[in-house]
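To keep things clear, I will list the structure first and then write my remarks on it.
Per-chain residue numbering starts at 1, and chain names A, B, C and D are given in the order in which the chains are listed.
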Amino acid sequence: MNAEFDQVREKVTKSFLKQTIKSTIGATIESIEPGEVTIKMPFKEGLSQQDGFIHAGVITTIVDSACGYAAMTLMPDDARVLTIEFKSNFASPAIGDFFIASGKIVKSGKTIMIASGDVYTYKNSEEIDDSNEVINHVINKDEGKLVSLMQASMMVLNP
Amino acid sequence: MNAEFDQVREKVTKSFLKQTIKSTIGATIESIEPGEVTIKMPFKEGLSQQDGFIHAGVITTIVDSACGYAAMTLMPDDARVLTIEFKSNFASPAIGDFFIASGKIVKSGKTIMIASGDVYTYKNSEEIDDSNEVINHVINKDEGKLVSLMQASMMVLNP
Amino acid sequence: MNAEFDQVREKVTKSFLKQTIKSTIGATIESIEPGEVTIKMPFKEGLSQQDGFIHAGVITTIVDSACGYAAMTLMPDDARVLTIEFKSNFASPAIGDFFIASGKIVKSGKTIMIASGDVYTYKNSEEIDDSNEVINHVINKDEGKLVSLMQASMMVLNP
Amino acid sequence: MNAEFDQVREKVTKSFLKQTIKSTIGATIESIEPGEVTIKMPFKEGLSQQDGFIHAGVITTIVDSACGYAAMTLMPDDARVLTIEFKSNFASPAIGDFFIASGKIVKSGKTIMIASGDVYTYKNSEEIDDSNEVINHVINKDEGKLVSLMQASMMVLNP
């Protein structure tokens, strides 16, 4: 994007760094585009439910953040974002090496934004090439597996 | 309840202890009744979003667990529970001293159970009595404040 | 209630009469209380899905209206109501003689209201008394059967 | 598709024709593909809420049907489909000349299928060409406007 959008990226990044939950679960921002944000989280001990899968609430944490920050990219400079509500369906157990949550704004209103989110799980595919280096495959949705699908409403909070 | 339900309580408790997320967020089971389970979580550092409130996903973690275990109390001995989907509305910021999440089964089918959940926040009200002891008030919904409302579908997984 | 609430009742009734869908499906308002509205609909030909049950969308129509008007009872005089979103679970097939949809506001904010709704189905229980008159039983939730459960967000539209 | 899928198309069409609601609201099937079904409905008197828009419940009726039949295309021959639950967000008022509801299966399980649905509204754009014929523009999502977004769970009912 342009210089203007760099300010938006900075605002989103700054806000994300204020989240203390991000460190607890190991989440990092992968990308910030207009109306679309992705967040990455590795599989980690201490986040599982009774069967050893990452708890549905933790999966929801990263996709809610992705949807909220996707909304923030389309808001006025001084506005804050608030999750009004979300709904998540769960498609597969949250196992794997890492998770990518995407949030995308499908309708941007003055007060309410509608977001679509999803979480895919990936395995680290390692390939040893001729020179013996280990290379992780580039993340590719076609290689991932759908874990969860979200539909959410975000609110624009003007100061 | 009776001796039979004691076994159900034991099954639920055992399952909950297998969750590693419960320790990370400090959640404990408050009560287990037929079709209804409550979970308590204190306000804790490391669980907040950018404004200092407990992240919506963490609030969702405890109420999803409450709804899932409420479903488990009505299932056959050897069945496991799976969250198909949930939807949460957020009524107030998740601040306060502790949170109580309740899950209640409103329709118990052979394969699918419908659960209603809520999370209330409470302040520790301290009273210094004559003998100078600090006593926490008994938890009372009328003194709490609604944080979140959940509607969920739980699936019965027979072996 | 008091005289002031009579104006609210009138506003809600007037608005409901403007709905053309209400006649198509045979819906009528049963009661209007502060934060709570109930709507009745008989089983009727022309509203069914492929198995002969009333279509889930029609059941949703009456409970959405009940939730929306429940919200309207708590709004300023000149405000309109808008459904932001709803989520419905379906507990039993929509068969029976008539349906009662209830909408209740569980959180009333300045801009957003959270509503809980449900739809129960009833059979006309007929009793022939000594004087040979047919009397329908009074509607009683304990005699009805849960068809659908809704959780919704309503928006206050100020002029 | 192939001859086998023609049978699926026939099954879906037959089931849709059993719906009595389809005639009441004027809905017709537009297309049936594996895991994806679209339904068309014209703007019609008798389906509106208080502001003259098509009632949210009617919009939900067509997109629920689209999602349900999308699920049916992926089911065994003798299976029936049941809506467990759906969640709809509303993006714009349901006005316009006609509506197209699409339902698409994003996860196809043995028992549960997750569907994504949307409803777009269109205006009849008329163009009078040299030969004086009136031609409706081909339907094009880029020309339509998002009315509603659905996320739903469909159940496979084996006999």
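By definition in this document, a residue touches a chain if its C-beta (ideal position, glycine included) is under 8 Å from a C-beta of that chain, and two chains touch if they have at least 3 such contacts.
The structure displayed is predicted, hence computed values, not measured ones.
*Asks:* Comparing the two chain pairs, does B-D have more C-beta contacts than A-D, or is it the other way round?
*Replies:* Looking at A-D and B-D side by side, A-D shows more C-beta contacts.
*Asks:* Relative to chain A, which chain's C-alpha centre is the most remote?
*Replies:* Relative to chain A, the chain whose C-alpha centre sits farthest away is C.
*Asks:* As a quick test, compute the distance in whole Å between the mean CA positions of chain B and chain D.
*Replies:* 38
*Asks:* When the C-alpha atoms of chain A and chain B are each averaged to a single point, how far apart are the two points in Å?
*Replies:* About 25 Å separates the centre of chain A from that of chain B.
*Asks:* Using mean CA coordinates as chain centres, what's the gap between chain A and chain D in Å?
*Replies:* Here chain A and chain D have centroids separated by 30 Å.
*Asks:* Got the chain C residues that touch at least 2 other chains?
*Replies:* Expected reply: 84-85, 87, 89, 153.
*Asks:* State the interface residues of chain C toward chain D in the complex, per the touch definition above.
*Replies:* Contacts found on chain C: 15-16, 18-21, 23-24, 45-51, 55-58, 60-62, 64-65, 80, 82-90.
*Asks:* Across the complex, what residues on chain C touch chain B?
*Replies:* Touching chain B: residues 87, 89, 91-92, 106-107, 109, 114, 116, 146, 149-151, 153 of chain C.
*Asks:* Please name which positions on chain A make contact with chain C in the complex.
*Replies:* Per the touch definition, chain A meets chain C at residues 84-85, 87, 111-112, 153, 155.
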